[in-house]
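The structure appears right after this line, and notes come after that.
Chains: A, B and C, in written order; residue numbering restarts at 1 for each.
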Amino acid sequence: MNILSGKHIRNFCDFLSKHPIYMLSLILILLPFSMSYTSLATQILIYAIFASGYNILFGYTGLVSFGHSAYFGLGAYGMGLALYHFNFSQGVAFLIGVMLATLAAMFFGYLSLKTRGPYFAMITLAFAQALYFLAFHSYKITGGDDGLRNIPMLDFRIFGISVTPLKPLPFYYFVLIITLICIVVLWRLLNSPLGRSLASIRENESRALACGIDIKGVKLFAFVISGFFSGLAGALNTMFHLFVHPESLYWTTSGHVVVMTLLGGTGTFFGPFLGAGVFMFLQDRISAITESWQLFVGLLFVLCVIFFPVGIWGSILALFRRITLVGNVLSSGDERIRS
Amino acid sequence: MTGLVLGGILALVASGFVLVFGMMDIINFAHGIFFALGSYFAYTSLSLIGNFWIALLVVPFAVGIVGFATEYLMLRPLAGRAPTYSLLATFGFTLAAIQAIRLIWGKTGLPFTTPDSLIGATDLGVVIFPTYRLFVIIVTGGIIISLWLFIEKTSLGSIIRAGTADSLMAQALGINIARVWSLVFALGCALAGVAGVLAAPMQGVYAEMGLTIIIECFVIVVVAGLGSIKGAVISSLMIGTTVSIATLIYSPMANVVIFLLMIVVLLIRPAGLFGTRA
Amino acid sequence: MGTSCLLETKGLGRSFEGFAALKGLDFSLANGEIHAIIGPNGAGKTTFFRLIFGEIPPSSGKVIFKGKDITGLSPWQICRLGIGRSYQITNIFPQLSIHENIRMAVQAKRLVYNFWSSTDSFNTFHEKAINIMGEIGLESRMGEVAANLSHGEQRKLEIGLALASEPELLLLDEPTAGMSMDETKQTVKLIQKIARERTLTILMVEHKMDVVYAIADRITVFHQGSVLSTGSPDNIRNNEQVKSVYFRGRKEHA
């Protein structure tokens, strides 16, 4: 039986396109076993959420922000500070982190959206740097350059398994469950009428306005949701590392999430996941060889912008569109959201 | 008066930035890197040659050449695309460049001493002012005036102005736009480079200065509104003065003042104080 | 066919840095009529449209739609009140398919703030989109990406987008811009069909006199920011003042 017969491919791709989320879930469930160490997989999940959140604003709505580290960092610090200084429970601290990031997104978003294009990018960067500056100099509260250490750890038992960052595999699946919830929420969001209208703003803002879309409101919404997921990723990061460093607010972190999203494929659902995976994998390998990982990131960035603007997943989709038989089916799964 | 010093430096950087944007519709996020290169090249040439004055003359050219190469290699391929691309590309370039600077010159900041002939203070009658800073004010003022004269009065300058207004039209008139663009870009970078040389003795030389200055540059541009170099210059002086005053009152607050100013302007007049372009 | 006034402007004016593009204009549009605005370039026609649709604020005067003062409202609010707009320079969503273009406009008026339900489940939007695509004659190409369409097809899509929000008033800005003779004829038929089948009032800016005479119930001539003359096509055709100002040196298109 020829496994590669057209019919089999068609059936398989049919299934995939109808249930792309299941496919992604399957990949993510198996992910730790393909990595040299599980914590890499966990980090990938966290950054995938960050990148997905960023993608809502960058890829879907078409707004370039250079300051998303602000929300990641606020989520991280929010949770960290709540645990360290106030001894809240893990759940409450998590919520505090996420809320802090979301509220900041409302505030900064409102101000930043008064500007357009490059100004917008710069304002977002400026806000993030201001926060960095604040965190860096508030030694008593945030530990300054040393970072916030000795953060209380998550530790609970479920079905006899203890979930704590000290145990990589159970912790991975814990993070995975949260990730899957995020995926479902994102999927529904991006497929909803509101989600679709994001694309209209990206494609032609003035026409969207003329068709009755409140673009100011929708942009702010996109900004806030984007901040929400970035903050969530930040809080998870704190849970994972038990440590928060001002670098999470630093512009390089913003730069990394842009690269991940760009590399994976802006404006596609799966792009950020792919981008986060490839990025972390590369970082892991290259940092082992040299200290100048940043140099590589920057170059990768530039090359992506010039030669590869649709990213890996974007290129795959484009390629599939040419192979019509497989293309119509597989790409339509993602097209439903993309277009 | 210290405000004039800071303002002058910022004005140089901002002018270069607005020049490039006005002419080529390129948001050069990496503009700060050329500022940093100015300082770093000056450091290197100083340790090689030992003469500040030579450095002051030569370094801007060197920076201009790097700028020329950057434009040719990285920005030319992006010519037809939306400005977002050049923004992103120069952002990535900045990431890489700061790391490259660290690799070449080391991670720690470098010391840069004030040139001997300019050490000390001058008595201006009303106030005694550090000689070097006085020198900076004079030089930056001189350069800005020369720049203005160049753009307003020379034929090359009018080409630049024509290109700024309508590059398509200028091309139709047979002006080799690509060459002019490269020149303008190099000029913009050179301006940043000069500012870098001048700033080195005052604030030291460190890898991150490329980022710090570009953020300040952008705040200036937001406050001024992207349109004219004049607006950028005035705005730079304003901000320079404000920051200096703030530093006198409470040093760490200085940086915050910039952000506050930006927020205020955003709320009141999003188009900027002198904004002419959307 | 009512005699009531659907759209009115009172003393509407707009200046740009000292230049008065539009001067204290009084205008009224009756319910159900097809009204054409003609005039030389620079007469203020597009500025007029932009003021009505809220794209720019007026320097003076007000705009009243269905008895309600809509001056100062944002275009999206005006769209939801029942005015649809098509643009002189094609303004569509280039990377979306025709279907997505229309559906986006259809759903925009109803519920944008729904962020949970799947868009595909809203059959009414889908059906309405299909209807409109049928009306404008692009149904067979609905999966096609808008950027790949010919100019004429894009202009049709342009009109479709304006229709999608189910407007009572349609503002058409040079709908036949850049079209060949054939395409123009088709568009004229389309506009006539739309006007017939929906209860629609149409205000359009046009340069092609044959189009104007074929469709318009009434014509207004703009000149240097003011109304020069208003009347039926015959009135305007025979108006000496209009001829001298507008057709000065030009041969009238038959």
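Side notes on the structure shown:
The rule we apply is simple: a residue touches a chain if its C-beta (ideal position, glycine included) is under 8 Å from a C-beta of that chain, and two chains touch if they have at least 3 such contacts.
Please read these numbers as outputs of a predicted model, since none were measured by experiment.
A linear topology is adopted by the chain contact network, the touching chains following one after another without closure.
Farthest from chain B, judged by the mean position of CA atoms in each chain, is C.
Each chain gets one centre point, the mean of its Cα atoms, and the points for chain B and chain C are 47 Å apart. Averaged C-alpha coordinates put the centre of chain A at 42 Å from the centre of chain C.
Averaged C-alpha coordinates give centres for chain A and chain B that are 34 Å from one another. Chain A makes touch with chain B in their complex at residues 64, 66, 111, 114-119, 121-123, 125-127, 129-130, 133, 137, 251-252, 255, 258-259, 262, 292, 294-302, 304-306, 309. Listed in rising order, the residues of chain A touching chain C in the complex are 188-189, 191-197, 199-200, 203-204, 206-215, 218, 221, 336, 339.
Interface residues of chain C, counted against chain A in their complex, comprise 53, 74-77, 79-80, 85, 87, 91-97, 100, 104-105, 107-109, 111-120, 122, 161, 164-165. Looking at the complex, you find that chain B touches chain A at residues 27, 74, 77-78, 83-85, 87-89, 91-100, 102-103, 211, 215, 218-219, 221-222, 226, 252, 255-256, 259, 262-263, 266-267, 270, 278.
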